[in-house]
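In what comes next, chain A is part of two complexes: it sits with chain B in the first one and with chain C in the second one.
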Partner chain A sequence: MTRHTENGDGADGTDGSHGDGGPNDGDRRGANDAQRCGCGGTDGTPQPNVPEIGRDERPAIFVPDGGDEEGAGAGPSETDGSAAADAPRTATDGGVESATGGSDSTELDPDAYDPIDVFPEGDLDLRDGADSCYKCTSCDTSCPVAEVDDEFPGPKFQGPEQWRLKRKDDHDIDESITSCSNCMRCDDACPSSVPLSQMHNEARGQFVEEQMEKLSLEYVRNRILANYRTSARLASVVPRLSSFAMNFGPARWAMDKVLGIPKEREFPEFATTTFREWWRDRGGAQIENPDKRVAYFHGCYSNYNTPEVGKAMVRVYEHFGYEVMVPPQKCSGTPMFANGMLKDARRHAETNVENLVEAIGDGADVIASCTSCSMSLRQEYPELFDIHGIEDVSDHTFEALEYLRIHEDLDGALAESDGPGDEQSFAYHAPCHARNQGLARQAVETFRDVDGVEMEDVGDSCSGISGTYGWKSEKYEKSMQIGEEMFDHMEDAEGEVGMTECPTCAMQMEHGTGYEIEHPLQLLEETLVA
Partner chain B sequence: MAIDSEVLVVGGGIAGITAAIAAAREGADVRLVSHKASTLRQASGLIDALGYVPPTEPAKPLREGPPTAGWNLDPDEWPDPEGPIADPFEAIDRLPEDHPYRLVGADALREGLALFDDLVGDAYLGGHTDRNALVPTFGGSVKPTARYPASAAAGVASDDRPTLIVGFRSLTEYDARAFADRLAAAGVPFDVAGAEVEFAEAFRADAKVTRLAKALDRDEPIDGTPAREALAKAVGPHLHDVVDEAGGVDRVERVGFPAFLGDDHAAEVRAALADRLGADVFEVPMGPPSLPGLRLEDLLYDALDDAGVRFETGTPAVGYETDEGGAGGDGNGGRIDHLVMDRKGSEVPYGAEAVVLATGGLVGKGLDSDRDGVREPVLDLHVPQPADRYEWFVDDAFGEQPYARFGVRPDERLRPLDGSGEVAYGNVRVAGGVVGGADVAREKSASGVSLATGLVAGREAAREVQQ
Partner chain C sequence: MDDQVDVVVVGGGSTGCGVIRDLARRGLDAVLVEKGNLTHGTTGRMHGLLHSGGRYAVSDQKSARECIEENRVLRDIAAHCVEETGGMFVKRPEDSEEYFREKLEGCRACDIPAEVIDGEEARRREPYLARDVEKAIVVPDGAVDPFRLCVANAADAREHGARVETHAEVTDVLVEDDAVVGVEIEHDSGPGKRVHREPGTTEEIRARYVVNATGAWAGRIGEMAGVDVEVRPSKGVMTVMNTRQVDTVINRCRPKGDADIVVPHETACILGTTDEEVDDPEDYPEEEWEVDLMIETLSELVPALKDARTLRSFWGVRPLYEPPGTGTDDPTDITRDYFLLDHAERDDLPGMTSIVGGKLTTYRMMAESISDHVCGKLGHDADCDTADVPLPGSEDFSVLRDYMEEFGIRSPIGRRSAQRLGSRTDDVLGGTDPNPVVCECEGVTRAEVRDGIEQAGSDLNAVRLRTRASMGNCQGGFCTHRIASELAQEYPEPVARDAEDELYQERWKGQRHALWGRQLSQAMLNHLLHATTMNRDGDPATTDADVDFGAFDAGVEPGGGGSAGDGSESDDSAAGVTATDGGIDAAESPDATDGGTHGDR
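Right after this comes the complex of A and B.
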């Protein structure tokens, strides 16, 4: 069993005392807190309201404005002190202390001298990654944007090369970074584990922060797209009107002309009852089980647009005897990373991490139904931000189907079931972000042997929408070109219903083929629970 | 509960895929995991079996005394490698005794190639004979290879038809004229000329080859002309560039392109070009980024799917647990109970009754090295190596490099051996680059070693499960 249970006991009695977390989160996000708990978390004294498990060991690259975090942005300074001793830490700014620094001894013992000793260990920021690149260009061949857009110089340039160029202050970030769709396929392609998407996120963040005109329509448009949660929350107040108004012809024409949001795309409909409203109305969890708890990170889309996915998650997990928790949460940050809005993403991440760490302290693992949300919590969070407990969130986060496959006899349960009511055929597309988590085949594998279900993988191409990428007028054509291969394979497939885990892939699949699109959880619910 | 399967194959290259399919065909329930997208996309797409037999002993004995920096031998004191080899199978006996081919036997290579032929169908040629084909590669050399993609078929060097090699200024690593000159200098039995044509100029100078391939796949308009037509038009004026020895000019009968002629619709693109040019069209296999490698990856992963193998990428193996009951004094070593995979920070156990380790060699990171030693990182298997790292290499860069043969040493059933020559784990098999004993770069034997050992390892693993 791999359930992490070592933290459960200590946190059990604290249920009632956990506040909503709002008022003082600003005080405890400092780098010092992160450092104190970076050294293992077992010897430090527990902090109020925070379970005793906060860790943040992985190098992060983004910190809010200069003075916000002590020492950050000013080079490897005192914040790198004690923790660097156990785990080599990376500075946040790429600075190098000195040519011979990095070890305790400044005098090199001539007998033990090796040329590589002149480089300090640790404190190299992304240089390790840049140096790991041996220019095999596997990343470029995997890039769906470079395939259709020869103005885009590809991930090898955007990653290691741009990183070298911008290390000196006299060089601007190349604007082409904004054409990267953040599909992260390059991460999966790189045989040398160069942190390409981390480099892209950093460069894009810096570009938007320092070089992008904040009053430009492009910035405003990107900010709106990145902060989908904000718009969705407002729209959900009057869902029917919003669904109508957002797709009202003249309004769409104006949006295209003024903001650059392609009129070809249809805005997703807003649910008349959000997932959280449904959850509240049903009285929350129907099962209590301190031994099997999960905290559901529904993300924005399952909440505002497809609550049926969230409901399926709850019903399937309750079917397996889990106590489902639905902690307060904001956007996972995926659309913000893709638009270089790292400050927005961090603000949301603080809320998410705080609430999820609390749930983990109560013995829960974190479950996401959107593969980009799980990707963000698992990889981008610890790569980009230093927030107390962010590593724990990463280590305890799983995709919904993945978690059941690890912890339950899902194949057995499906074999015993009679299958869904009628014969169904699906054209399944694996989102790029699922691919990077090793999940590209799990839906096909899970349902392949289920009676009455035909599941066909439509291939390994990118859907082309990549979150907000395909929602920009100037990228719309490219987005559809990238998606063409998937559309073709969907048309060739037996099934007339599409299936995917990612909400924006689903939009693109629907847009390109007219198919109705389902989430694997919905089929699981239909097969096991109904 | 864990992610369970009967046979767990670690590694997504040719060896891993071959092992997985071989095991599945024996009736085992198989899962293949790989850390990253398959490195086949970096491969040329050629399937070599054995092209050369390099000498392993110098012409004169090594000098006495402790090594300093390398063995300081004059490269000239080493005999030239034997080759190109016409028939790989008959040459196997001349390889060192601990070479993987000698361990598993020539029949394993034969069966491995037969399995490959079966998986790729008519996308590959060369299976009609035991003998090697000679295929021009983009450096201008001619490489002995056992199987080659259909896209390279019209380019084989044994063909005597006059040939035009087409290049593009934006593809800096591919100089068509130098390539043609080198082919001529290598003594190929045909007249050849190189020409740089204007087509890729319509794209940005550093456009990726995948961009060019996609444009041809979709037949996108280039300045108003469909891409395939535009490319044919650019080549047209050079069809009479070849001058024979007598000074006469012939119309070329075949035209070679860098390997970017389409991806999903490659055959269609070649046919369209051949039709317009009135000549056969072939691709010259290139280094990465390699479209032939990408196409082969697609073919083999489809074959995995058809064979019922479950597979996933993005999950590195980071640990293992042994089965406590299994270790005994029976000389069959311990047993692996499960491997631990990393899923973006969460550790997930993958249970299996048999494990095939096909993680690659030093380049593929199936072997890890630093200044202290060379290790096999997944199961920490024994990798024999000189204690003094100055004995890992010789000064002659193209010489008999000891490190090239580093790797896990298995018995003839491909069970890994520990430092004392005993089986380390009875339910583990090793295949491909992680197996030591072959200098695949000099022998031109990488794919063949992967196919032969993959086949044996897969069957062995299935047998282990059935016991």
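Right after this comes the complex of A and C.
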């Protein structure tokens, strides 16, 4: 379902078209955007985007809320003083902000409707999605939470059934929606393209917005978990102290008791030098190449916790002659969607989209090393938000390994290499969100013929942590139950090192087996660059 | 059975149910007989509009006034049957400005609250409305569930001593000494609740008075009594959409025409309708063009309908009547007013009155007027209180509760159940544990299904009408067998099987008119599931074929190679039967259906 951005788009001609992302087109669009946004830095000159300060702070452009005042057209991008006068928005997203009439045509076409994009009050109407459901129950049978949690009614109920039972002004969302871990396996399972995760995200957003007690500890805890980036940013000011304090026994006991953050889990260590600090210190990109440019969306975890993944990305891409840009960015929104914090997610999305659109304008494609980040930018962004350029971001986003496999002769390069220093065996787990992007086999396929590398797929089960799900005391046991199959298979695999693209899957893998976990980019770096 | 009752009411539609309630509350000894389920005829085959009167405000102001009056009464006495959706008469650019004005003036003249809003405001309220809708008149239309309404009327009548017999067709009207003295009926399965496979019986009910409330079928009852009742049945199609594209009743503001209304009804939307005279209320063509017309024409008002999923279509026949000598050709010109035909005055046949014409919204008023008439005939002096006393289920109730806490069910399910059950919610939902959801599409739990069975016997269509079970996207594909298995608690297996077949057939009947796109996929999935997992495409248990189950269990040569292991060991047929027959032996062991899972391995 293509959602058009703004009715006014047609007027300036270049921005309205979607999905045509040729580089020329991108240039035009980007130039235009740069003018429109007035957001400094590049001025159209192909400069690697080196942040001015060590961290990615720039003034937030989101003007809080205003979600209630519809017709005012007070969209954040407009308050920036740049956007052309937009037609009043007629529909909205995420209970937060108005969007558009959603037609593909910019003309006022009475037949052109986006059937979900119609409620002016701020909610999506997804009853139409219920039309696609045949009740076949493939979603329920593939749901890892339903398998271990008898109280959880399953994705079919949370999605098409609940939406069909809705009536205007006469419904509430069942609180069991908060038990969905947002692994999105149901999307993958559905033979009939029911927008399950979109329904879940929207329902969860409405539940949190309208029915959840804002002063409850659960809300506070979820808000903290969802806004991991905020905590991580503070923590990494004093990384060593934070790493110690966060895992300090009595503190963890208190967190468990008060907030419901399970004491069994170990907080990840904070890097003493974040990825962005490293990037700044090395002077940004080492290669300039206007024809091969990528904008790296590192996400929070590669920045604050595992900068080695980010560094590997940069080195590997530079090895292939890419100019890497590192635009300012915030959280991709994944943990926020999973906790129904759509307002937070939207605020962050605005920064991300603005900066990524600019990079796309400079000819870059967007590369993420975290499969949940790429999932979010690709699927959830356009499904849930209507921000200028969000479709372009979706169309231009790729996962790091995926992109190289499309554009480079990775097999050839690997065949020519001598392989990694020592023989290595890995127990590879494909994250659910990678599965949804069709990437579940990419690491195995990439490395299976590389000398000295043994890559064993540990099966298609879910790791069970699903981002923040396993970080809640009441879900901890279930999270570990879901993960059991993966733990068993890992133990069974030859390798003693785990591998996955997802940082929280990595936490779970480490937690369940004690293995060290690597990212495929790190192995690629070791094989090709070292 | 020689005892004479005061009144026999023939016909279990809204009129008949309203009359029996009124008479019973006035203290008369009354019997209702209906040949099918309650609402079997026209009442169960309408779009469920609770008229504000707006539709008649120009052409028939008397009906319009009655409608708004009764609309208010029903919101009061039948709260659990009514959804106060509100309604709009929308005007497209090509619709007449003059008629829009007439409509507005008409509404005001009939005391129908009416407010004009512009197109933008109309779309704010109903975002799926076409962008070129210019303006609209807002009126207090609503949606009413005719099944629930009739069942509640009949239940109240029963509480006041009346007898209600469904599946009891009138086979003769008894006339003695030039007066009607009762009816002869044929019980499909004996008096009382319907149970499949019980033998039918015949009964004569003698009564001091007979009310013919059979609507489009009134002519047939008249014929049995030897009088002419000139009902002109007129058919209309209604198409059911899978979801609600609108939450407000949308009428097209133009003089008359086909396909001019969309009624949000429970989880669905109903599109209506056509108006075409037919000869026989039970035998008329159901034509595909009528369905196409609904969708095409109403897409002009609500474009999303064009691509939305259609569940089914059904046809109803209006019991139109016009006094002799009017000579109207076009059925849409026939008045929607109702008429009492006192056969004593009209045909010198005392003892019977027919009531014809009318509409569901004014059913109570019609019932009151005929009850007055009957009381007059019988010299019975009692006041009517049906406008003031709530129907069973509509006493004070609230849908805002914590369903998980109270009944262990999820909130959207609880809310819909409470809407259907009204003040009976606690009684019905409180008693069943565990209480799983049986029909997922409509959110119907086991407790509600069992309550329906308690009221209606093994008749699962009657259960469906009470609960909405099997009325959602899958049209029974995933729940008819679950609903039927609730019957197995009380009834022998063949009864449950027949009841299931009947419900499944009924669901199929309407889907035949929606076999394209997504409902076609659903129908195929349903068919294949039922065929491959339940043998429903030719179950030996239903064909009385002699099946050698032993051959399945043990192979051709017992103890031989292929089915080594358990098959050859369990030569004794008892174990074999439970393992594979999928429920044949259910009469002995109700759990035998579990055998199916073993058989799958």
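Just so we're on the same page, the second predicted complex is superposed on the first by the 404 of 530 C-alpha atoms of A that agree within 3 Å, B and C clash if a C-alpha of one lies under 4 Å from a C-alpha of the other, contacts with A are read in each partner's own complex, and residues count from 1 in each chain.
In this text, contacts are C-beta pairs under 8 Å (C-beta built on N, C-alpha and C of every residue); 3 or more make two chains touch, one makes a residue touch a chain.
Predicted, not measured: the structure shown is a model, and the values here were computed from it.
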Partner chain(s) touched by A:Lys330 [first = chain B, second = chain C, both, neither]: neither
Partner chain in contact with A:Arg276 - chain B first, chain C second, else both or neither: neither
First, second, both or neither for A:His171, with chain B first and chain C second: second
Greater chain A contact set [chain C / chain B]: B
Partner chain(s) touched by A:Val148 [first = chain B, second = chain C, both, neither]: first
Touched partner set for A:Cys136, first chain B, second chain C, both or neither: both
Touched partner set for A:Arg127, first chain B, second chain C, both or neither: second
Which superposed partner A:His511 touches (first chain B, second chain C, both, neither): neither
Touched partner set for A:Glu161, first chain B, second chain C, both or neither: second
Footprint overlap on chain A, comparing chain B with chain C: 136, 153, 157, 192
Footprint of chain A on chain C - complex, ascending: 83, 123-124, 127-128, 130-132, 242-244, 247, 264, 267, 303-304, 306-309, 399, 404, 410-413, 415-416, 440-443, 472-474, 477-478, 518, 521-522, 525
In the complex, chain B residues that touch chain A: 1-3, 33, 36-37, 39, 41-42, 203-204, 206-211, 213-214, 218, 264, 288-290, 294, 301, 305, 310-315, 341, 343-349, 364-365, 371
Complex contacts: residues of chain A adjacent to chain C: 90-91, 108-111, 113, 115, 118-120, 125, 127-128, 130-136, 153, 156-157, 160-176, 192
Residue numbers on chain A that touch chain B, as the complex places them: 1-2, 114, 136-138, 140-143, 146-151, 153-154, 157, 185, 188-193, 375, 378-379, 382, 391, 394-398, 402, 405-409, 435-442, 445, 457, 460, 481, 484-485
